[in-house]
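Have a look at this one before I ask anything.
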C-alpha cells in the first residue's frame, strides 16, 4: 500500500538540497475513525537517506511527526547525476524505497 | 499598478463589446433565475432547516450588489424592522454572568449542517472571537469587526450602555442598517439570556476584556 | 439597467479599490509568515498528482473506459489549458460546467459510474486517502500550470451564470445574515487568525482562482473549489450545497471570470 | 475549548497509549533497525527524561544552533521546524516539543556526508518551547524557541 515518495535533490554549489515528501497516516493510536473506532498506532519509525549508497542521514521518528511527513536535508560533496536514495520503515513493518538523481540548479 | 489596472479594465470592456450580442439579463430576470437555483441546489435534514435559505425582508434589502448604496427609505425600513424585532429577557435583567459570556464569546460552534445532520449542541456559540479582538493580548481573534478590547473601560457600565449593548448584539441593524454584524438575537442564533451574558462580558470591570 | 456599461463600471471600481489597498501578502514581521512559507515550499498535495494521472488513464468503471475521450472544452483528451477556460458552455449537455461537474459528466457517460455514488464520495473525509475526484481534479488542473486563466462569457448561458454568481456573492441569508461579501469584501481581514481573501479585488480573486485544488493542511487531503464553496455555506449555517450544482457553478463562473489573467499554480497550499 | 482542539488532543495522543501499544506488540520491535530506535526516549514524558535517554544531561546552550519555526503556528498538527547547527562535526540533531505528551519527536543521526541541517514537521498539542538537542564532536548542546499554537478550524 505504500505509495511513491516525492523526492527533489537540487544542486547548490557542491551541496545537494534534498526535500522528501511521503504519504503516510502517522496515526497516534488515539484518533477515532468515522465509525467511532480507534485507529491503531501506525507511524514511520525510521528514514534512512543515502548518497551513492552511503548513509548520510539515519532518522528515528515518533508518532509526533506530522501526517504525510516532510524531511529536508543537505548533502555535501554532491554532483549532478549522483543518486539519492530514501527508505522508510514503519512500526507495522511496511517499507518503501525510492531513488532520484541529483539535478543541477535550474 | 494603476496602469495595469486600467489595461485590465480596457481589455475586459473590449471582451464585452466583442461579445456583441450577448447581454446581461436584467436584474429581475437574474434574481428569478438565481432564486430558483437556490431553491433546488441545497439539501437539509428537514424542510424547516431548508428555510434558512429564504431571505427575510431586511436580508433582501441588505443584499446590494457591488457598491450600490442603500436609499434612505430602505435604511429606515431596515432600522424599523430591527427595532421591532428586539425582545428582552423574561427576567428583565440585561446584564448576566461575564464568565458565561467569556465562554460564549470564544465558542464558534453550533447549528451547522453536515452529512445530512444538524450539529447538536445545548446552545450555540456566540461567534465573537471570529471577528472581534477581545481581551488584551489574545492572538487568535479576527478583525472583520471592530476591536472590543476595553469595551467597558471606554463606555462605563451604566444602564443606558447596557441597554444599547444588548440591543446592538440582539439586532445590530437597529443602529447600523445592513452592517456585516449578524442579527444574533433576531435570527434566533442566540437566546436573550445568552446575550445578557455577553453584555456582562463586555461591561463588567472584572471581565478579561476590560483588563489592561 | 446595469447591462454592459454597469459591468465595466463595476470592474473600474474594483480596480480603484486595488490601487489604494496594501498587499495582504506575508510581511517580514508577520509571526505566521515563516510557517506558511515553510509549509508551502514543500506541498504534500504534489503526492496526489501522480495518483490523479493514473486514475485518468486507467480503464475504470462499469464500461471499463479511461477518461481519455473526455472533452473539457479543448477536444477529447486535450488537457493543456483546459481548466484555464472553465467554467464554459458545453453544447452536448447544454449547460455551463465547471471542471468538477464536467468530470462528473465524463465519469457517468464514458465510464458508466453512478452519478450519486461519485457525488457521495467526491469530498473525502479529513485525514483519509482522499477521493478519486479530488486527485483527478488536481491532475487535470496541473496540466494548465503556468497558463493564464482565460474564461470567456461569449455564450448567453455563460453570461447568465456570471450574473447569477454575482447575485449569489452578495445574497445574504440564514442566521448569520452572511453573503460571501461579508467576509471577502475588504482587504487585510481575518476570521480569527485565518486570512480572508479579498475577492472584490483583482489580486485577491486571482489568488483564489489559480490555487485550487489545494492541499489543506488541517485536513491532510487535497481539496477542490467545490469543497471550498460547500465549506463556506456550512460555516454560514446554511443547508448543504449540492456537489456540482448550478449554484456552485454560477459562483465559480463569477469568480473565475473576475480572476482572468491569473497564472495557474496547483496544488495550492492552504493552512 | 472548542471541538477541533479536543480532536487535536486526540490526534497527538494521550500519555498511556503509546506505552500500551508497545506492550501489545504493535510496535514491531523485532526488526533489526528497531534496535537503534530510542524506545526510552520516545516513551519519556518529561524533558529531563528525554535528555537522559539521549545522554545529554550535561548539555549546554549554544548560539551556533538556529531553530527556524513560526512564532505562531496556525495548525498545531503541522508545525514546520528546521534546525541548523554550525557546530563543527555535528553528529546528531533531536527535535523536542517540551509540552507534548511525549516530548521527543525525532532524532537525526548525521553521517559525514550531510550538513548540520534538518527540516521536518511535527505535531504540537499546545504552546511550548521547541528544543534542538545537538551532539557535536561528542558533546551535547541545546537551543530553544517558543512556538505559540493556536488551533483554528472551528466556528
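For clarity, chains are labelled A, B, C and D in written order, and residue numbers in each chain start from 1.
Criterion: a contact is a pair of C-beta atoms (placed from the backbone, for glycine too) under 8 Å apart; a residue touches a chain by one contact, two chains touch by 3 or more.
Since this is a predicted model, take the numbers as computed values, not measurements.
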item: Central chain (by mean CA position); value: C
item: Most remote chain, CA-based centroid, reference being subunit B; value: A
item: Chain centre separation (subunit A, subunit B; CA means) in Å; value: 46
item: Whole-Å separation of chain centres (CA-atom averages), subunit B against subunit C; value: 26
item: Chain centre separation (subunit B, subunit D; CA means) in Å; value: 43
item: Between subunit A and subunit D, centroid-to-centroid distance (C-alpha), Å; value: 17
item: Interface hub residues of subunit D, defined as touching at least two other chains; value: 72, 77-80, 82, 119, 121, 148, 150, 152, 155
item: Per-residue multi-chain contacts in subunit A, two or more chains; value: 31, 67, 70, 72
item: Touching two or more other chains - residue numbers and ranges from subunit C; value: 192-193, 220, 235
item: Chain pairs that touch, as defined at the top of this document; value: A-C, A-D, B-C, B-D, C-D
item: Residue ranges of subunit C touching subunit D (in the complex, touch as defined); value: 31-36, 38-39, 192-194, 217-218, 220, 235, 271
item: Subunit C-touching residues of subunit D, taken from the complex the two chains share; value: 68-75, 77-80, 82, 119, 121, 148, 150, 152-153, 155
item: Interfacial residue positions of subunit B with respect to subunit C in the complex; value: 1-2, 5-6, 8-9, 12-13, 15-17, 19, 22-27, 30-31, 33-34, 37-38, 40-44, 49-50, 52-55, 59, 62-67, 108, 111-114, 116, 127, 129-131, 139-144, 180-183, 187-189
item: Subunit A contact footprint on subunit D (complex, rising order); value: 10-14, 17-18, 21, 26-28, 31, 33-34, 36-38, 42, 77-80, 82, 97, 100, 102, 104-115, 117-123
item: Contacting residues of subunit B [partner subunit D, same complex]; value: 106-109, 125, 127, 129-130, 139-140
